[in-house]
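Presented sequentially are two complexes of chain A, the first with chain B as partner and the second with chain C.
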Partner chain A sequence: MARVFSKRSFLPGLLLLVLILLATLPLYARGAYILVLLAAILMYIVLTVSWTIFSGPTGYISLAPAAFFGVGIYTAAILGKVLPLFAVVVAGGLISFILALLVGTITLRLRGVYFAIFTFGLVVLIKELLLFWEITITHTRGRFVVLVDNTTIYYVMLGIFVAVMLTAYFIRRSKYGLALQSIGEYEEAAAHIGINVTMVKVITFGISAIFMGAAGAIMATRWTYIDPYVAFNPLLSFLPVLMAIFGGMGQLYGPVIGAAIFAYTEELLLTKFPYYYMLTFGIILVVVILYLPNGLVGLIPKLWRRRAGGQRAST
Partner chain B sequence: MRVLEGEKVTKYFGGLAAVSHVDFHVDQGEIFGLIGPNGAGKTTLFNLISGALILKSGVIRFQGEKITGLKPHQICRRGVARTFQSVKVFGNMPVLQNVLLGLMFGTPTAMSSAAATREATGLLEFVGLSAMSATPAKDLTLANQKRLEVARALATKPELLLLDELMAGLNPTEVAQAMELVTKIRDKGITILMIEHVMKAIMNVCDRIMVLHHGEKIAEGTPREIATNKTVVEIYLGE
Partner chain C sequence: MIVTILNVVIAGLLMGGIYALIAMGLTLQYGVARVLNVSHGEFIMLGALLTWTLYSAFGINPLVSLAIGGPLIFIIGFLLYRTLFTSLRTRAASPAAYEGSSLLATFGLLFIIQNIALAIWGGGMRGYSYLNFGANFAGAVFPVNRLVALLLAVVIGLIFYLFLARTRLGKAIRAAAQDPATAGLMGVNINLVLALCFGLGALMAGFAGALVSMCYPIYATMGLEYTIIALIVVVLGGLGSIPGSFIGGFILGLIGSIVSSWQPGLAMAAYYVLFMLMLLVRPTGILGK
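Take a look at the complex of A and B:
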């Protein structure tokens, strides 16, 4: 039987269809809930995919997402009243980028658990510095953020989502993707075959921070009131790691699926079973990590093989 | 012409002199052997040349230019490639990609991906791994992983190749093949500096040999001179 769609055109076609659906959703969605929910899911995807850009291939476990996300939030709080929304989001990304370059230059010589602890320390450090600044110098405790309607938040988040996916895709395909992977395997060997390991690491770390900062800047507009505790929530440092492992880091769509299912399940459990939410969630995570070391997407080749085998048997 | 030159090269680990005031030079087109008991400072000297470690004092020149203080990737792009005592191939990547990385990053000029693939395939053929180009590097035997490291190093288009115990852990047949490979590389015009414990290999392929002991140079000369040198024999046989 002749195939109508070749496999080659099938995937981009499907992606385009999903994107068109997502882009036109506000036109026929009933009520704001679906947009708010989708914006939240997209935010988790953006954080997870941008985390994977750097930490996936190199194996440097960064716990800094909350720091960059928080920097984005404060950018929105401070610049939101003077700059248009688009400029605020870009500024959030840029400031996070610069911070990541600075932090990366200092810390990327640390390996393994030391790097993880330092990056987590960054979250705490910035939070404490801001608290100190707000209490002793500006005499405030929190800030109000200019409110933006849900549809705009949704569209900006969708834009960031598309940007992070394209970036992740092209880095993965480029020679720098290969270089990052070699750094993850044997950093020493990578340096001795001519890879400027420090530069590759610092720049990729910076690029991954752009999207976290931008996501923070747009999400801040939904919360209207922020303080350092809200902005630098340490949970947001751990969730991207969990979501990426949950989805599986072998493929680009792994973290996307992981974050989407994770975020939706969280929402579902939280609204339907608020008392058992954490318990159920914990059990799901443990089962996935125990039985699916390659994450949820590790299931796909397994099922595919089983199905393909079945078809062959029937012919 | 001297490709590589070291003057009073010194490196301390804490209070211990791992390499102490070593003078050496490697001539264009020769195979230069570096031997000595365990802990003599051979690998440390390699790490100093390739930039993995920074010298305490002294100077190392490559093609007349000082390379001390340069980063490993800069030294590689100038034309010094190396392999590792404990193999460091990128295990989860296919064999071909290991070599491609060397081509893409190790040379000063960029090349198209088609040309790079063609060249990588050629290099795999040269070291005898063409049949395994799609295999993940971790699935190769030790001997083949060592060949892959050589191919990856050659991909960076070196003038000087540093081989750190290429023959360690290989069986006699594999040692013979490795010796053949080393001479083939030299015949391409690449100068070789090699650390080796397999005496048969070092005596057969090297033009000159330097002996290190406790970080100091105790002898230098042709294989024949080294084999009859009294100090060297004493150290190796413990007389």
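Take a look at the complex of A and C:
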């Protein structure tokens, strides 16, 4: 009994400790670098985990993250001068949510690869329309964003991170998560047992977009100047997918590990060896898809089994 | 007025020829080999930069380069399928799982090929001048290099279509597209045919790249834009339909040219709106089953 109790409270306790460490970091961290780095890592984690909320269980590969992230960025650029920061971040999330509901209602009837193509086209469409608008109608390319200090960016990012982790955790544990899982396994069967398939998909797609939009709204304040090319960078549609697969989507912490490793190595290597770094990443991705279909996290039980098997063999 | 219309139509056809070629490659890779190749544009880029290198370093005529770069890219595609995708296919639990994992593997290829190209050629814009003079069509003037590109695109497309429709190997490919398992039972060497299809798709991309390099500026990161256009054309014509992609390419080229003559910045947006409507109204495309 006591063992069960201690085992159960161990993980939440550890998580709380990490969270307290992260929350108090600005008090004793020297220099802004560590905060900037952590904010970037948290951003990738938020994008990856929120991508996994929808695409993980359902298997629909969404390439829309860059669209929602960009919508958040533009929300910050437009509303940043008139609204307080917190309201801007919430607005970024809400506008992304509404856009995701609209797009989801139209497209989630599409299967498999069609959905992936469509969502990626969305990024390009919004970028092209914004470019057209700025060049032909307003004659001003790009916008300036109200600056925010690094500590604030870090705290807001941390808040979004906690929110996305809690949301992902509770969706996984609820019957709603089971519904998503069954949609991923066999959509017709899921519909037959009474799941409102379209509704569940659209709402979850919307929820995952909230965090991407909010992350975009706060990260925009770091760039001072933005234009459609910066805001709607297609790379940000691919990276969450890669990071989630790299980490493994079977467990909640898989995408977190994938994103953290990726973001940190990017920070270390991107400025020095940009081409070789992305090249290596591509190779790693292919290798992971080939040999580790469940990602890094899938490696753990595999190694565990091998070890257990070895023990059996020796007795 | 007539000249304006002629201008717009011919410009659309010129663009459409290249669109048709790249879309035919992609649709072959998806329709038979079941790989939705997101790195398709990277093979176009390889074809373009190879042609540029051969022209600027060795003075080799771009039309001759077609015969050098094309087969080289075919071999790359063929070997990729024999190793990477065959391995994915035999491991996948279901055809749908294979489609998903191969799509993701092509993301990896996108990064690999693009960054190798960036390491070799750098990120700058390239271009060369070949047959760059005007030809007069009832008052409308067009660069000869684009006309040659259009002509070649049509010829390559037709040869390819005849290959599929009239030869024994073409028949095997069509059988594999309909039902790989049954085709295998009928004595089609399915692994070879699928790899051949992927290689041929890459070959088309390589050819298209060589033609693109004759007419437009090229750079190592140009691939994604062409991939998106190819995807749109393929959905327009019907995923997996070769004639559909051929026709779709010209339709998209014409639409692009019409929209560009009115608002140059809106061509890409128009493609996407068309694509969206197509997916909603008729997701199987013009000639899809």
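The rule is short, and it goes like this: the second predicted complex is superposed on the first by the 279 of 315 C-alpha atoms of A that agree within 3 Å, B and C clash if a C-alpha of one lies under 4 Å from a C-alpha of the other, contacts with A are read in each partner's own complex, and residues count from 1 in each chain.
Just so we're on the same page, contacts are C-beta pairs under 8 Å (C-beta built on N, C-alpha and C of every residue); 3 or more make two chains touch, one makes a residue touch a chain.
Given the structure is predicted, the values throughout are model-derived calculations rather than measurements.
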Just checking: does A:197 make contact with chain B only, chain C only, both, or neither of them? Give me first, second, both or neither.
first
Of the partners chain B and chain C, which touch A:29 in the superposed model: first, second, both, neither?
neither
Given the touch rule stated above, what does A:94 touch, chain B (first), chain C (second), both, or neither?
neither
Considering only the touch criterion stated at the top, classify A:178 as touching first (chain B), second (chain C), both, or neither.
first
Where does A:19 make contact in the superposed view: on chain B (first), on chain C (second), on both, or on neither?
neither
Counting residues of chain A touched by each of chain B and chain C, the higher count belongs to C
Just checking: does A:162 make contact with chain B only, chain C only, both, or neither of them? Give me first, second, both or neither.
neither
Interface residues, chain A side, partner chain B - complex:
175, 178-179, 181-182, 185-186, 188-198
Name, in rising order, each residue of chain B that touches chain A in their complex.
50, 52, 71-73, 76-77, 81-82, 84, 88-93, 97, 100-102, 104-107, 152-153, 155-156
Chain A-touching residues of chain C, taken from the complex the two chains share
30, 36, 84, 87-88, 91, 96, 99-101, 103-105, 107-112, 114-116, 118-119, 224, 228, 231-232, 235, 239, 263, 265-266, 268-269, 272-273, 275-276, 279-280, 283
Over in the complex, which chain A residues touch chain C? Could you list them?
59, 61, 106-107, 110, 112-114, 116-118, 120-121, 124-125, 128-129, 131-132, 135-136, 234, 238, 241-242, 245, 274-276, 278-279, 281-286, 289-290, 293
